[in-house]
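Next up: the structures, one after another.
Two complexes follow with subunit A in common, the first pairing it with subunit B and the second with subunit C.
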Partner chain A sequence: MAGPLIPAPAARGAGAPRAQSGPARILPGAGRAAWLVLRRLGMLTLLLAAVFAAIEVLPGDAANATSERGESAADMVARRAALGLDRPVAERFGTWMTGLPTGDLGTTAHGQPVTTVLAGPFPNTLLLGTLALALSIAGALALGSWAALRPGGRVDRTVAATATAAFALPEFVVSIALLLVFSLWTGWLPAVTLTGPDGAPASWDMLVLPLLALAVPQIGWNTRIVRGALADQAALPHVRAAVLDGLTRRRILSHHMLPGALPAIAVGTATSAGMLLGGAVVVETLFNYPGVGAVLAGAITDRDTPLVAGVVAVTGAAISTLLLLADLVRDRTLGGRP
Partner chain B sequence: MGVTRRQLLWAGAGIGAAGALAACSSGKGGSTDTAASGSASEQPRSGGTLKVGALGKASAVTRDPHGTQANESDYLILSLVYDTLTVPGDRTNTAPRLAAGWKPSEDLKTWRFTVADGAKFHDGTPVTADDVVWSLKRLRATPSGASRLPGIKPEGITAEDARTVVLVSDYANADLPLLTRLTTFVLKKGTGDDAIATAPGTGPFKLDWFRDGNARLVRNDDWYGGKVLLDAVEVSIFESPQAMANALLAGQIDVASNVGAVAARTAEARKDVQILRRPNDMAMPIVMRTADGPFADPRVREALRLAVDRDAMVKQVLSGYGTVGNDVLGTGDPAFAKDLPQRRRDLDKARQLLAEAGFDSAKTYDLLTTEDISGLAESATLFATQVREAGVKINVVKQDSKIFWDASWLKAPLYTTYWGTNDSVVFFASKTMVSESGQNEAGWKEPSFDEAYRKALGTADTAERATALHRLQEIEYAKSGYLLWGMADGIDLAGAPVRNLPRLPGYGRVQLEKTWLAR
Partner chain C sequence: MTGSTPDTRPRTAPGTARILTRALPALLLVLLALVGPLLAPHATDRPVTMPYGGADDGAALGGDLLGRDVLSRLLSGGTRLIATALAIAVVVTVAATAIGILAALRPRLGRWVERAADLAILLPAVLGILLIALAWPSGGRLAVGAAATVLGIPYAVRIVAAAAAPVAATGYLETAAAGGERLWYLVVREVLPNLRATLLALFGLRFVEGVYVVSVAAFLQLGPQPPEADWALMIRENAPGIMLNPWAVAAPCLAIGLLAISVNLAAEALAPARPTPETTL
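Let's turn to the complex of A and B:
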C-alpha cells in the first residue's frame, strides 16, 4: 500500500488549481464512482497475480511442505498432481480467478476449502481491525485537535513527540510491553485469546490487549496527520476570519477547521487500515488471536498459494472498500469545487 | 516475574512442531518430579475440566485421523476421540489399546490382533474386526500409507472373524505391533470423507465441539479402557510456544504441552508452575555420509565423535534440558544397550585418527542445517566450534527448511537431522540404517548390521532376539553415520493442580485418561 501520502497543501488550498485525472472530468457522479471501483478491482487483481508469482518464486512447494517424512518420490508426484502443482502458475491463477466471482476461493494444501478455513478467522480480524481503526481515529482526532488548538505550545510539542514515538514503535514491542504490564505483572487482563465454540474470542476482555497493541502505533500516525491537516486549515482566511470574529475555539475547530481537514484524515485512515492488517499478523500471533494473521503466517510457510491468495483477496477487498470510501469522501468534499 | 523481554522476543523461534512422524517407546520413568504424579497420600479424584494448550498452525488444521497431522493440537484431539490399535507403553514399547492382544505366526509374518472386549463407538455400536480392517486399509491408501504401515500390503489386511484382525507382513517382523501405535485410528466401516468431522470414535473422550483447531471433549463413561477421571478436556491451538507459556503463566490454561526449554526457563522462578520433563523425547543427531565423500572413512567419523563435547552441547543447546547421547538411536527403548562405554571428548585420539585416515585438514567442510526446531541450528554452530579444536574446519550453512529437505537431507555429506520421536532401536534401524531403508540418512550399507537386524526381526525367542539387538547396537556404535550427542527432553508446563500427566516421550503425551485435577 502507499506510504505516507498526505495530499500536498496546494491541492486543498482555496483557489489552488486541483490536480484532476482525465476520466473524472468526463464522468460525473455515478460514472466517476464506477471508475474508482474499477480501479480498485484492477489493483486487487494485480495484487493477487503478484501473490501467485511470489509464492512460485519461494523455494519448495505445497506438496513437500505438507508431506510426511518418508513419502516416496512417487507419492510426492501424486501429491503434486492432486494439488494441481504440475500445471503452470498462470493457468492455476486463471482457474483460481474464475472461481472468485462465485465465492470459490479454492482448496488449501491440506485439503480444506479456503472459505471454510477463513470463515471463523476473517470476521475476528475484521472485528479487531474495525475496533482498532475506530479507536485510532478517535484517539488521533482528540490528540490532534488538542494540539492544534495550542500551536507551538507545550501540549503541541509533547503530542508531536509522543505521536512520532508511538508510530515508530513496532507492534511487537508495544505488544510485549502491554503483556508484561497488564497481564503477567498485574493480572488485570488475559494474556492470550482463547477461542469459544462459535470461533470468536471466548470473552470480550481478551480483545483489549491486541486492540491496544494495534491501535497505539496508528494513533501516533493519525495524530500527526490530523495535526498537520488542521495546521493547514488554520492558515486559511476563513479560519482567520472566524478567530477575529471571536468564535470559541471549539466552534472554530468543529465548524471551520475539521470539515476542510476531512479529506486528508480520510486518506490517513484508509492508509491506517492497510497498516493495521499488516500489524495484525504479528499481534495475532503474540496474543494467539484467532484471526487471518495467524492463518496467513502458516499458509506462507506451507507455500499454500490458494490460502495466501484467499487471505489477500478478503483483506484486500476490505481495504479496497475503505480506500474507495476515502476516495469518495475526498471526491465529495473537493469534487464540487472548481 | 519470570518473563524477561529477551525471552519474549524469542517468541516464534521454536514453533517447530516436531517431525510429522511420531510415536515413541517406553520412557525410563523415574522422574524426580513428584508433583507431576502426585504425592503418595493423594487419591486420584474424578471431575474437572483440563485446559490444554497445544501447538499448531491455523492454516494446517485437519480433522482426518488418517490425514497428515502437522499440528500437535489436531493429533491430541484425534487421540482423545479415536483409539489406535496399540499405544506406547510404560514398561514395554507397545501396550494394548483397541487391540487387547496380539499373536504372531511361527514365521513372524502373520499377526492376529484381537479387538478389546466391550469396545464400542460413541454412538453405542460395537467395534468389529471389519471396522478395523476398513480403517487400516484407508490409512494404507493415504500418500504416506506405505511408510506408515511398512511391509504390509492392502491385501495383507483382513478380518478372520468378528473380533480378529489379521495383518500379513512381507517379511518376518517381530516388532510389527510397534507399527500399529501411531495413526491406526479406527473409524466405523464405510465412513464417508464428508462425515469424518463428526464420525464417532471409540476413545476415552467424545467430541463436544470443534472450531478452527480448538475443541472441547467430554468424558466417555462407556470407555472399554477403564474409568476416565476428567469430566472434560478443552484443547486450544497455539501458533507460538511463547504465547502458550504466557497463557499458562496467566492461568488461562492448565497445561502447555511441548512448550520447550525457553518457556521452561521462563517458568523456573514460578513456584505455582510445574515443569514436567519427558526424557528421550527428541533426537537431533549429526549425520555423516558413509557412502562417499570426506566422511566415508570410519576413522574420520570416529574422530568427530571424539571431538564433540557432549556435556557442553546438552548444556548450551538444550539449556540443560536433556541427556548426553552415545551415538546409538533409540535411547528410550528397554532394549537400549546401556553397557556400551560412554564416548567422551578425546582430542588427542581424534587428531590421531584424522592423521591416520589422511583427512584433509586444510579444507573447510559445510555442515547443513535448518531452523525447523529450536536448538538445531545452534547445535551445528557449537559443534563446528568444538571440532575446530581437533583440526576440522566446518562452515555452518543454514538452509530454508524446504530446500533442506529437498536437496540436502539424505544427500549431503554432513548435516543435522532430527526425529520428533524417540522410537525403539529397531525403528531407527529399519527406517534409517538398514541398507535398503528408504530414509537411509547417511547412505550406510553394512552387511553385518543388516544381518543383525534381520536376526532381531526374525527371531521369536526373547533371549536370542536380545542378543541380536545388542549386536546391532554395537555395530551402530562403532561404524554408523550418526553422531548422537544428546537427547532433548520434551517439556510441558502445568499448573499446580494437574496430576498424572503422561510422561512418555514423543506422542506418548496424548493419553489423558488417567490425568486428574487436585482442586
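Let's turn to the complex of A and C:
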C-alpha cells in the first residue's frame, strides 16, 4: 500500500522513445521485449543493492543480534569472520549477486541456507497471495464494470465510496472485523491457523479469513483503477460509435472498453501484488499463518542481511515479473505492432 | 439494465457546501481524538477493573489485559497517531509539491523522479518501514514517520508532476519564463495556484496513508511501546483476550476504521472532478 496512485500515465511516457532505438527496428517485437526485461532486471538489482546498503547502515549487525549471552569479544570477532561480516559490503553484495542465478540465496546469520529457511513458508504465502490477488481482480472487474455501466448513477456512487473506504482500511482492522463477525459471533470459521505436519495450514477453512483480510483492501484499490480506466475508455470516440451502432452494453464493455483499459488494470494488479506482500506480514502475524511474513519480521530483528535480501529478492522478482507483464500488455495495446 | 437517459449532471467541481458536509465527519473525529485525553474518566496507566473485565465493572467499555479502562485509553490513544499522520502528510505534500512542480518545469529532473517512483513500487511499503524502523530502534515514532515520509514522496511527486505538466505547457507560463521570471517565481506564483484542488486531495490521501503506516507499524510494535495508549497497540495487546472483552479490541479497531474512512472520503470530495465527459452506455 505504497500510495493511492495509478502510475500508468507517467510510465506510458517513459516507453515512447524506445520504438526508435536500433535493435527495435531490426527485430521489433523481440528487441523491445528484451529491453523491457533488461530494464526490470536492472531496477531489481538497484533495489537489492539499496536494501543491502540500508541494512549495513543499521546500528548493530548479525553477529551482535544473534550472539549468545556471555560471549567474549574474541568470540564475536570470530563469529563476524565466520559470517563474512569483516569483508566490505560491496564485496559481499557482489558474492551474493553472482550466486543468485544459480538459485543460491546465501546463508543466514544462523548458518542455514536461505533457500532452506524460505522453502517451508514460501509456498504458503504464495498460495495465500495468489488466491488474494485472483480474488481481488475478479471482484474489482465485476464491481468496476457494474459501476461503469451506470456512470453517475446510484450504483456507481455507492461502489466508488465503498471501494475508497475499503482501500483506506489497514489489513489488521479488516482482520479484526472479520474475526469478530465470522469467528467470535457466528463461529463459522476458525480464528487461528493450525499448521499440519507438512508445514501447510491444517484445513482449507483456515485460509478463508486471512484471504479475505488481504483481498478486501485490494478489491477497493483495483475497483478504483478499473472504474477509472473504463471511464477513460468511455470518453473515446470509438465507444461513442459503438453506442450509436446500437451494440449491446455487454458487448461494448467486453469488446470496446475492457481491451483498452487493460494496460491500466495490469499496472494496478502489479502494484496490488506489492501491497499484498506488505499486508501479508500483518495478516500472517494476526492469524498465526505459517508464511514468509513471520520469517521476515524475525530476520530484520536479527539483522540477517542475506535472509532479508532473499525475501526482498523473491518478492521483488515476483513484482518485477508482474510489472514486466504489465509493460508487455501496454506494449501490445498501445502500438508496438510489427 | 433499463434504458438509460442521458446523464445531464455536470461533472464539474462539487459545491463548497457539499465538500464541507463530506469533510465534516473527518474534522469532528480528528477534533475528538485530539481533545480525547481531557475527557478520559480514568487514568490510562492504572487498573480499574479485572483483566479483560466486562463492560459494567466500573468501566464503560470494560478493561484491557491489565484491567485498565478501555474507554480512557481509547480517548487518549488517537492523539499521537493523528499528530504523526498529520506531520507525515504535511511534510510529504510540501516536499512533493516543490519537487513535482520543478520536475514539470525541468523535464530532466522529471525523468529521474519517474525512475525513483518505479523503484519504490518494487519495495512494499511495509517492508521499507520494517527496514527503517529497525535500523533506528531508538527512533520510535520518529523513525516510522521518517520511513513513511521517505517512502511516500516518490508517488506524491508523480501526482504533482502529472498535474503540473499541463500548467507548465500553458502560454502564460511560457510568457512568464520568456519574460525572465526566476524559477521560484514560476513555481510559487504561476503553477502553484492552479494545483489547489489536486494538492488538497493529495494532502488528504497522504493523511490516510500516514494513518495506515503509523498504525501498521504500531501494530507490529515498531513505533510506540507497550505502556503507551495507542489504538493499534491496544488491538495487538488485547487480541488474546478478544473472547473475554471484545470491546478492548473492537473499539480501537472501529476508531482506526472510522478515521481512515472518513478522512479518505473527505479527500475524495476535495479531488478535482474528472474533466472528460463519459459516454453513457
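Descriptive notes on the structure:
As a working rule, the second predicted complex is superposed on the first by the 308 of 338 C-alpha atoms of A that agree within 3 Å, B and C clash if a C-alpha of one lies under 4 Å from a C-alpha of the other, contacts with A are read in each partner's own complex, and residues count from 1 in each chain.
As a working rule, a residue touches a chain if its C-beta (ideal position, glycine included) is under 8 Å from a C-beta of that chain, and two chains touch if they have at least 3 such contacts.
Everything numeric here is computed off the predicted structure, so don't read it as measured data.
Looking at the shared chain after the overlay, A:V77 reaches neither subunit B nor subunit C.
Of the two partners subunit B and subunit C, it is C that touches the larger number of subunit A residues. In the superposition on chain A, A:A297 contacts both subunit B and subunit C. When both complexes are overlaid on chain A, the residue A:I176 reaches subunit B and subunit C alike.
By the touch criterion defined above, A:L38 reaches neither subunit B nor subunit C. Legend: residue contacts after superposition of the two complexes on their common chain; A:A134 is shown touching neither subunit B nor subunit C. Contact with subunit B, but none with subunit C, is seen for A:V117 once the two complexes are overlaid on the shared chain. Touch criterion met: A:A270 reaches subunit C, while subunit B stays clear of it. Of the two partner chains placed around the shared chain by superposition, subunit B and subunit C are both touched by A:L184. By the touch criterion defined above, A:T285 reaches both subunit B and subunit C. Common to the subunit B and subunit C interfaces on subunit A are residues 58-59, 172, 176, 179-180, 184, 285-286, 296-297, 301, 303. Across the interface of their complex, subunit B is touched by residues 58-61, 64-72, 75, 78-79, 108, 110-112, 117, 120-121, 172, 176, 179-180, 183-185, 187, 190-192, 194-199, 285-288, 290, 294-299, 301-304, 307 of subunit A.
Contact residues of subunit C toward subunit A in the complex are 1, 4, 7, 9, 11, 111, 114, 117-127, 130-132, 134-137, 151-152, 154-156, 158-159, 161-162, 205, 208-209, 211-212, 215-216, 219-220, 232, 235, 239, 242-243, 246, 249-250, 253, 256-257, 260-261, 263-265, 268, 274, 276-281.
Residue ranges on subunit A touching subunit C, taken from their complex, read 1-5, 7, 9-11, 13-14, 43-44, 46-47, 50-51, 54-55, 57-59, 148-153, 160-161, 164-165, 167-173, 176-177, 179-180, 184, 231-232, 234-236, 239-240, 243, 249, 252-253, 270-271, 274-275, 277-279, 281-282, 285-286, 296-297, 300-301, 303, 308, 311-312, 315-316, 319-320, 323. On the side of subunit B, the complex with subunit A involves touching residues 1-3, 5, 8-9, 11-12, 19-21, 51, 57-62, 64, 67-68, 70, 143-144, 146-148, 209, 211-212, 214, 216, 236-240, 242-244, 246-247, 249-253, 400-403, 405-406, 431, 438-439.
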